[in-house]
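Both of the next two complexes hold chain A, though its partner changes from chain B to chain C.
Moving on, here comes the complex of A and B:
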């Protein structure tokens, strides 16, 4: 059966910060650009970002891009590619000023310049003292950014396909990417969106974990589609855990609570952070606090009847401070934890927050894969940006506020490179005869499945397995066992069954298709984590306690389709400055 | 069924807080809403995430009485 086709110069899957920034470059260049999004673009997960955008504007004190670069390289635990990091830190001020000109309502200083907030991990003069580098719009930075970019795109006549879900990548014999198949939720129809260049900006896959701060839509669709098309996923063992997500719900309790004087207690009422970080205590960096919390729980000092959470105490601050300095926290605690923090502590656990790995790209946003001698051969016509891409800026650990910077810088860079590529490749290549067949076969399988398993059951087992076997701490036996378990679950995911076969807005079908993507991410994460025999950044192994630069300063590439791991070197050479040589990462 | 499916998808938001609250509301309270309340609920879903969240957290209060009632129910779910 031939599918209906629609042709564009460029197709962008994802209408979050990175997708919208890229689309703007293309539409403003006069190209016909389509943006697909599962939800209305301004409801993309970028809306949740509050902390701000990191850029060395130097509005609050001296700052420069080289210091920002140093912090990012160090934060990445030396797994970040230094050419890409230099590129990002140099471009950051420019993309922030552009956003200002697009109409972004940044907070201001009295002299009219953009106000900048302090944020963990950002420093002056190579780690000497903290610097205020985060540009924000009250606690609505992500929201303001999405609205600003969306309006610009409307003006530039970007064509939006809202409530459309891309299902599979289309490649030809030569491995060139020619577009995607996509499902229109409103009708249930599947069509081909043909393009001369395709960008994935589908965001993260945080929903692979049981405890996650991510919205339900973050199901790693771009990663799933890439993996099914034979493209490897890079550094998937690295996930950032936020130390304080509400136990059971995942909702984030901001670092600000500890900034204002809240602190963590174990079941004995002990302020345990004093043992782990005597100077910084509860304000130590995210990964340090997350590990401490996980250790307390693991060693039997967790609170609650199952001993599976830690307590965040803030009643000593008094109701006025809580209301005034921490707006919303009281409501969040009441709503999601059933406690009033004015009198009782909030139960929290380390919660999956950000995916450092993703689809391998270079700093132009081109998707790159090993071919022959070259570990980074561009896939013609294929780009990725934002949280779904691994560029690799964040390496083994992301600094707060660097993700929004990443979206703007690499969204724009990818858009620019696509414009160039489209100039050089003026004709649509012919679609292969079997284009879309793979998608139709997947849908037919789901439609006709008998005696299959419920999607929710399989997804829950996947999330529990990820949480138990590949969380904050990684133990050798648990990893080995986890790989076995997740493969079994991946097998079960091939036989999911849905009862509702209706066409219009069939959420059951959508969730089954999302599970197909999540499971690719889960398998890649566990296999890559089991294989990496060192501790680096967010990957902390009980049996290999130290970073091992001699053997492991390299990026993981996992090929889901053939279950094979390979590695590629980290780019230690920046574009114009000296390499930042690996040092121990102490704060 | 179709209507319910569409609403369920529209309760998928960019913020986890809203995902949790709205999905809970849909299962618990939505089936009992009156016609005018249903209409207002759909209007609420058209608000930007941050504005809707502010209303649910009672940081801002709409003028419309039906909307107030629906928000009460959302808060209670």
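Moving on, here comes the complex of A and C:
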């Protein structure tokens, strides 16, 4: 069966922050660009970002991009690529000013400049003291940013395919990317979207864990599609656990609470972060704070009748500050934790939040893979940006606020590079004869499956396995066992069955297809984590306590399709400044 | 807990019907969306939209025991049984709890919901005082869930002509922005017997908004500005 085709200059998969920022570059350059999104764009997960955008505007005191760069390199535990990090930190102020010009409702200072708050791991003068670098709109920065970017795209008349799910990447024999197959949810129709350049801006896969701050839609669709197409996934062992998810519910409580002066307490009322990070205290890097919280709970100093959470105190900020700077947090705490933070602390636990790894790219947003001698050969016509990409800005641990900076800087950079690429490549290449066959085979398998397993059951087992075997602390036996278990579950995922066979808005089918993507991510994570015999950033092994720069300062590349791991060097050389040499990480 | 849910699949149903579900909930199931996820695990044919599960994305708006709201921030403990769930009223149903929101978004897009300022942008930010910024509070937080517009009788009657509370709230969000220079064009665009003036201050929108926003107040402010410029 031949699939219907539609042709565009560019296709962007994903309508969150990076997809919309890239789309703006393409639409304003007069190119015909289609943006596909599983949800109406303003429902993308960027909407849930709270605390702010990191940029050294220096509105609240001295700051500069080099300090931001140092903090990011140190935060990454020296696994971040220093050329990409320099690029991001230098560009950050410009993309924030642009966003302001687009209409973003940033909070303001008396002098009319953008208000900035302190955030974890961000410092003045190479770690001396906390700095106010996070540009915010109360604690709804992501919401304000996503809506602003969507609004600009209305003005730019970008063409949206709302509630379409991309299913598979289309490559030709030379390995050039020529578009995607996609499913229109409302009708169940599958078509080919042919493009001269394709950008994945599909977000993270935080839903591989049982306890996650992530939205239901964060199922790693871009990663699954890339992995199935034979493209390796980079650094998938590095997952950020946010120190403050609401206990039980998993909903995020921004680090901005601590930025505004809130702090963590154990059951004895001790401000324990002073022990773990004497200088930065509660504003140390996220991996450090998450481990401290988990350690307090593990060693019996957790609060509550089961001693299984820590308390986040902010009542001392006073109702005015809470109402002005953290109104969304108050709403969340009341709804999901049944406490009013104006009077009572919020019960919190470390919760899966962000995927540092992803589809390997350079700082232009081009997807890069090893080919011959070159570990980073661009895949023609293929780009990735935002959480689904591994640039690698965040290395082994992301700093708070750098995710939104990442979306803006690399969304724009990818858009710009695509505009250039499209100028130089004016003709659509022919689609391979079998384009779309793989997608149709997957759909037919699901349609005809008999005696298969319920999608929900398999997905739940996957999440439980990830949670138990690959959490904040990692143990060798659990990792080895986890790899075995997740492979078993991956086998079961090939035989899921749905009862609902309707063509119209079949969300059972969508969830089954999402599981295909999640499982690729879960396997890549466990295999990569088991293989990395050191502790670095968010990857903390009980049997290898220390960072091992001699053997492990390298990026993991895992090829799902053939179950092979390889490694590639970290870019230690920045674009214009001296390398930040690795040293012990103290906050 | 007992639920009665509107079901309709145009692929196989001649007409919509209500289906009852009795489910055993865990103590960790606190919100209505938790219950719907449980139901869907047993009956995968139940269709609904959902994403953030914390009340910021606006996906899971539905009619809950007669009132519009978001399933993810509606506590089960506050609901009377059987919990009656229907799609948002006034919009065409695609399937089950999923409505066609085309008309709603068309109205939102029609107010030109983006900053208009044709002066060359400065090198840094456009200055705005804290007071000017505060004027946007209660406006920019809208999540486009459509709870308000689909609870508004004026929108039910004229969804193609009346902008509706959500769209008008956003129209005012840009009128109120000190950086926007198109107030007079925006007012011209709304000065129409239908686009703005179909609002009869019934105020269902205020009651329905899950974010506690007040579209009626924004509409009144737009009307005041129109009066002001004629005198």
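Following the convention adopted for this analysis, the second predicted complex is superposed on the first by the 495 of 587 C-alpha atoms of A that agree within 3 Å, B and C clash if a C-alpha of one lies under 4 Å from a C-alpha of the other, contacts with A are read in each partner's own complex, and residues count from 1 in each chain.
Definition applied: contacts are C-beta pairs under 8 Å (C-beta built on N, C-alpha and C of every residue); 3 or more make two chains touch, one makes a residue touch a chain.
Predicted, not measured: the structure shown is a model, and the values here were computed from it.
K.L.:
State whether chain B and chain C clash or fit side by side on chain A once the two structures are superposed.
P.N.:
Clash - chain B and chain C, as placed by superposing on chain A, overlap.
K.L.:
In the overlay, answer first, second, both or neither for which of chain B and chain C A:306 touches.
P.N.:
It touches nothing on chain B or chain C.
K.L.:
After superposition on the shared chain, which partner residues are touched by A:507: those of chain B (first), chain C (second), both, or neither?
P.N.:
In the superposed model, A:507 contacts both chain B and chain C.
K.L.:
Figure out whether A:151 sits in contact with chain B (first) or chain C (second), or with both, or with neither.
P.N.:
Once the two structures are laid over each other on A, A:151 reaches chain C alone.
K.L.:
Identify the partner contact of A:103: answer first if only chain B is touched, second if only chain C is, both if each is, neither if none is.
P.N.:
After superposition on chain A, A:103 lies in contact with chain C alone.
K.L.:
In the superposed arrangement, does A:499 touch chain B (first), chain C (second), both or neither?
P.N.:
A:499 contacts chain C only, not chain B.
K.L.:
I'd like to know which partner A:373 touches here: chain B for first, chain C for second, both or neither.
P.N.:
neither
K.L.:
Going by the contact rule stated at the top, is it chain B or chain C that touches a larger number of residues on chain A?
P.N.:
Touching more residues of chain A than the other partner does is C.
K.L.:
Figure out whether A:215 sits in contact with chain B (first) or chain C (second), or with both, or with neither.
P.N.:
both
K.L.:
Which stretch of chain C would you flag for clashing with chain B, going by 92-100, 128-136, 182-190 or 218-226?
P.N.:
That would be 92-100, the only stretch with clashing C-alpha atoms.
K.L.:
Which chain A residues lie in the overlap of the chain B contact set and the chain C contact set?
P.N.:
Residues 39, 42-45, 47-48, 140, 143, 147, 215-217, 249, 251-252, 328, 331-332, 335-336, 500, 502, 504-507 of chain A touch both chain B and chain C.
K.L.:
Can you list the residues on chain C that touch chain A in the complex?
P.N.:
Those in contact with chain A are residues 9-12, 28, 30, 40-41, 43-45, 47-59, 73, 75, 94-96, 98, 101, 105, 109, 112-115, 117, 121, 123-130, 132-133, 136, 140-141, 143-144, 174, 177, 179-180.
K.L.:
Of all residues in chain A, which touch chain C in the complex?
P.N.:
Residue positions touching the partner: 39-40, 42-45, 47-48, 57, 96-98, 100-103, 105-114, 137, 140, 143-144, 147, 151-152, 154-155, 186, 215-217, 248-249, 251-252, 328, 331-332, 335-336, 454-456, 498-500, 502-508, 511.
K.L.:
Quick check: in the complex, which residue numbers of chain B touch chain A?
P.N.:
Chain B residues touching chain A: 1-2, 5-6, 8-9, 12-21, 48-50, 57-59, 75.
K.L.:
Show me the residue ranges of chain A that touch chain B in the complex, using the header's touch definition.
P.N.:
Residues 38-39, 42-48, 140, 142-143, 147, 163, 185, 212-217, 249-252, 327-328, 331-332, 335-336, 500, 502, 504-507, 510 of chain A touch chain B in their complex.
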